[in-house]
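When the chains are written out, they are named A, B, C, D, E and F in that same order, and each has its own residue count from 1.
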Amino acid sequence: MFLQIENFLSPDEVKSVAELARQAKFIEGRRSNPHNPTKDSAIGDPNDPMAQKASQIALAAFSRNEEARNFVFPKRLAVPSLVRYDAGMKYGPHIDAAYLPVGPQPLRSDVSCTVFISAPKDYEGGELVVHMGSEILRIKGNAGSVVFYPSTTVHQVVPVISGERLVIITFIESQIPDQLHRDMLHALNEVRAFEALKMDWRNRTQLDYVIQNLQRMWSQ
Amino acid sequence: MFLQIENFLSPDEVKSVAELARQAKFIEGRRSNPHNPTKDSAIGDPNDPMAQKASQIALAAFSRNEEARNFVFPKRLAVPSLVRYDAGMKYGPHIDAAYLPVGPQPLRSDVSCTVFISAPKDYEGGELVVHMGSEILRIKGNAGSVVFYPSTTVHQVVPVISGERLVIITFIESQIPDQLHRDMLHALNEVRAFEALKMDWRNRTQLDYVIQNLQRMWSQ
Amino acid sequence: MFLQIENFLSPDEVKSVAELARQAKFIEGRRSNPHNPTKDSAIGDPNDPMAQKASQIALAAFSRNEEARNFVFPKRLAVPSLVRYDAGMKYGPHIDAAYLPVGPQPLRSDVSCTVFISAPKDYEGGELVVHMGSEILRIKGNAGSVVFYPSTTVHQVVPVISGERLVIITFIESQIPDQLHRDMLHALNEVRAFEALKMDWRNRTQLDYVIQNLQRMWSQ
Amino acid sequence: MFLQIENFLSPDEVKSVAELARQAKFIEGRRSNPHNPTKDSAIGDPNDPMAQKASQIALAAFSRNEEARNFVFPKRLAVPSLVRYDAGMKYGPHIDAAYLPVGPQPLRSDVSCTVFISAPKDYEGGELVVHMGSEILRIKGNAGSVVFYPSTTVHQVVPVISGERLVIITFIESQIPDQLHRDMLHALNEVRAFEALKMDWRNRTQLDYVIQNLQRMWSQ
Amino acid sequence: MFLQIENFLSPDEVKSVAELARQAKFIEGRRSNPHNPTKDSAIGDPNDPMAQKASQIALAAFSRNEEARNFVFPKRLAVPSLVRYDAGMKYGPHIDAAYLPVGPQPLRSDVSCTVFISAPKDYEGGELVVHMGSEILRIKGNAGSVVFYPSTTVHQVVPVISGERLVIITFIESQIPDQLHRDMLHALNEVRAFEALKMDWRNRTQLDYVIQNLQRMWSQ
Amino acid sequence: MFLQIENFLSPDEVKSVAELARQAKFIEGRRSNPHNPTKDSAIGDPNDPMAQKASQIALAAFSRNEEARNFVFPKRLAVPSLVRYDAGMKYGPHIDAAYLPVGPQPLRSDVSCTVFISAPKDYEGGELVVHMGSEILRIKGNAGSVVFYPSTTVHQVVPVISGERLVIITFIESQIPDQLHRDMLHALNEVRAFEALKMDWRNRTQLDYVIQNLQRMWSQ
């Protein structure tokens, strides 16, 4: 399942990130996936202090956003990366790697995340396209918005025709690895949040009985 | 989990079964579990027409009882048997067999069931005792009541000291084999039955989303 | 995952079904889901011979379509139903029931299926909308096309604004109940179909080793 | 399953804990579950040195008790808390949270644990009542005894009518999260402990083969 | 795991099958796996009465052999086939298909089975070779013996250099699909068969508790 | 499954280990499994610097050997031990313990590993024998070779008749605990390594889709 949140970053934060990106050093995106000839993008150098500040802004947004956390059940978050697609750049259909070699213990990528810094009017093309078999979803978020989507899908960034597409991406290891489990627990938590106060006590306890035990069963 | 239902059989049905039992032929209970020296009871001969009529009465009660069906998610039911414990008889601690050789395809026993024909005042001792580790549950139902309990537990019938304990027993293969799954789905169905009309439409749909998908995942 | 296939029915079959639908008796759609006040459609009476002929045409198409069968791994198929949405009719967001009471053994609905008889130009509105969290997929197929989608999703038919939307729907119990399992096995089968002849024998055997054993593990 | 052990604390340890409790600062129990209006108890302040000493006594008892460890397969233990129910206090039916926010990594509560400091004669009411569907278990242990029970059950402390109920509670993350798995492995380990020396070598190896492989499969 | 049983067929039965094979019509083995160019054998025509008699002899042996049934937990058995490898014939490395199209419902092949009719001295080469990664098992049974092995392995029949290799093969759908589960349950059943009478009653009940509940959990 | 690799240690490393073993202190092997009367071997004292150097040589070999790592998906490795069987010594049929008490967190043994220091000509008997039911595998590797095999099997070292059998053993916790999962993922990775460059891009992406998602599902 997908979650798009508007104003994940404030307009000021978007401006700051865009400014940091102008100053940061970028390196070839293929470094993180050298075997994929279809990957053609520029990634903020993780050792560059400007790029690191941009990462911090994204991390802070994630930490304060309850809606996002309730949706992804985060356990660990990869350091967010600035990514820039200039005109002609793209990332062909691919599947995100199961494990990212970050720190002493690899991080399993369960949920993928794109924060949009550029506004849709800033570039032609460049949509994030997620393949659902013969149907596709095309996502081009507003500046400051974020989209979370399952790392288990084949997806791509179609070529940018003109302009520049600046985003921050990250990958999240979830406490609840299976997507359907995560969505079901999220749905029950929403039922609880909105309806529990109206419920008879016994039914509320029954609902809690299921929620807590599903979380026991499905989490790692 | 356990479910005890009063008046599962009407007083008239209880009387009829008791009368049929007086006329029916009984055989040694150990026949169904010859390797268990602690089994000492008398079972209504499955070929005896009186015993068969008693079975039919129990089956009919099961078919009409929605509370029971909502609890056990029945898929198949073994033919119910009359069982009589005279003074001194008992069935030591045991676990019900996983599969019963009934008909062309063996029946997996997920839920065990006892319908009480004798009233508690009719016999001393003879409780159904279910072992939950160091704790035990002692069950001695009213005439016409029924108790459903997981076939996965070690249980026993303690010796009848005086009087006669007449019951009907059966075993149920459930659509939802795992007990905790069954209990959780039952709990959500109860939340839905009692609270759905009070809920916002969206939350009701979320609840249905979970219930139907859990049933898909957990049923066989 | 989704699979849309063009020309699932030939133009002649589409015409025949449309003609049969004009002659068939229709009943209120809510009969199959009386508790859902948002369901407002007309269903071909399953006892009407014209409706039955329409069902047969859809069944025959399914039987001959290898692409569809390779995608859904069918085990059982519910009898297809004619469904008509006149202007103003709709089916609000809902989840398909886990089990349909068809025949002696209920059918688990794993994959849902819509065959489009009306052409998109025949009606305004009336899209099949599938909710993927905050993203949605809108599907309005050409006459004669079919779409298969997971029964585990919340979906709806938005109100028909004008014209008439005539479709045939059915539900499929799959040999591979889990959607991700089904998609992965489908993907490996495609790799095998297109690449096996180019492979070294040992690698081809390795691929078969995985495909056959995944099918053992994941099928019911 | 349940395990009750007598003399888990020695009479001297019981006296020490009771004395520490008289000196320790207590805070409102609801702090740990503010949304539950039925929780009405007093908890030893985790920052109070007297309360901390009481915790240490319980931890030491757990470390030395092989019977307890063989039953719960402990992986992590939450810091034990002193809890006091004065006359009129209670904790309504509830389910223990799946995860407790202790330390850098949340602790999954698989097994719940109550150590009785007060003797049964010290208070009326106040039983720990565990709901097994329509049956209930009522537990009121001797001073110094402990009871371990699955965190997956709905349970409550019924109102204390008179006197004072002083207990120490804790929550355990088990190496074997699923209760039935835990019980089965415990049962096989007991068979091995009591019977292995009588067995033919080959059968003893067969038993070990199953025990070690079940532990591989079921542990985390 | 593997099970080889000597004298599965009596010497007279072996002679009868050999005689029937001489009279039966054989067809090209590749018919059952036309895409495998490495398959080169002759199969008894399933419509030939002599071949059918040979099948019946093998089925009867299976029905009476308790050791075999305790090992494979049979649910369904494919009709056994006569297979003959003349000099130069072979079946290259392959994996048995997950499902065989026998009767109205396909049969999942969990356990593969070869009954040896020829004696080892009757042919050079022709061993059944099972690949366990870099190790291999070579099996060439005595006339009348049988070997059961997991259908999940890559295996082959190496070329017959001289003489004739006559066998009967079949495929079994097991009540316990997973091989390790099957082996563990088999091991516990053997412990029970040989040790239960020496055990204390309580431990025997504990062992039964595990065996019956594992069978509930692992069977289909 | 099994993997035997020749020249895992270079001839010089083999010589070094043999020399270190001559100088190292050895202790009775039964220390690590005192309850097993059939264990009769000598283990390099883990506190002896010579034994520690031998361990380091084996660890280094493992770190540089890609074939081994691709096969076992290592997560943690127990410190390798020198083990010596003099004439008459043996280790009877046994199953490796599920967990080894190494360091603060026990290590689950999924894959067992033997590095051969002695050459086959150095000793009579002393084969590693792995029981696959009624079939057995006998392994006696060349000096410098290694064998990896599933810890889930019953295995033994048969008595050394003459000479000396010197090996290094270790135990590996795998990222993919289940053996069949590990073998299937290994097989797909091999197909990818050898065939991906020949494949159409779409099929290569399909293969990656399966490999990455299986690794998500099956790893811990």
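Annotations
Basically, a residue touches a chain if its C-beta (ideal position, glycine included) is under 8 Å from a C-beta of that chain, and two chains touch if they have at least 3 such contacts.
Please read all numbers here as calculations on a predicted model, not as lab measurements.
Touching chain A and chain D at once are the following chains: B, F. Listed options A-C, A-B or D-F contain a single repeat of the A-D interface, assigned here to D-F, on the basis that more than half of the contact pairs agree by residue number. The distance from the centre of chain D to the centre of chain E, with each centre set as the mean of the Cα atoms, comes to 51 Å. In whole angstrom, the spacing between the mean C-alpha positions of chain E and chain F is 31. Counting partners per residue, chain A has 152, 180, 209, 213, 220 as the residues that reach two or more other chains.
Of all possible chain pairs, the ones that touch are A-B, A-C, A-D, A-F, B-C, B-D, B-E, C-E, C-F, D-E, D-F, E-F.
Within the complex formed with chain E, the chain C residues making contact are 201-202, 205, 208-209, 212-213, 215-217, 219-220.
Across the complex, chain E meets chain D through its residues 180, 184, 187-188, 190-191, 194-195, 198-200, 203, 206-207, 209-210, 213-214, 217. For chain A in complex with chain F, the touching residues are 38, 92-99, 108-110, 151-152, 154, 177-178, 220.
By the touch criterion given at the top, residues 1-4, 71, 132-135, 137, 139, 152, 179-180, 183 of chain F touch chain E in their complex.
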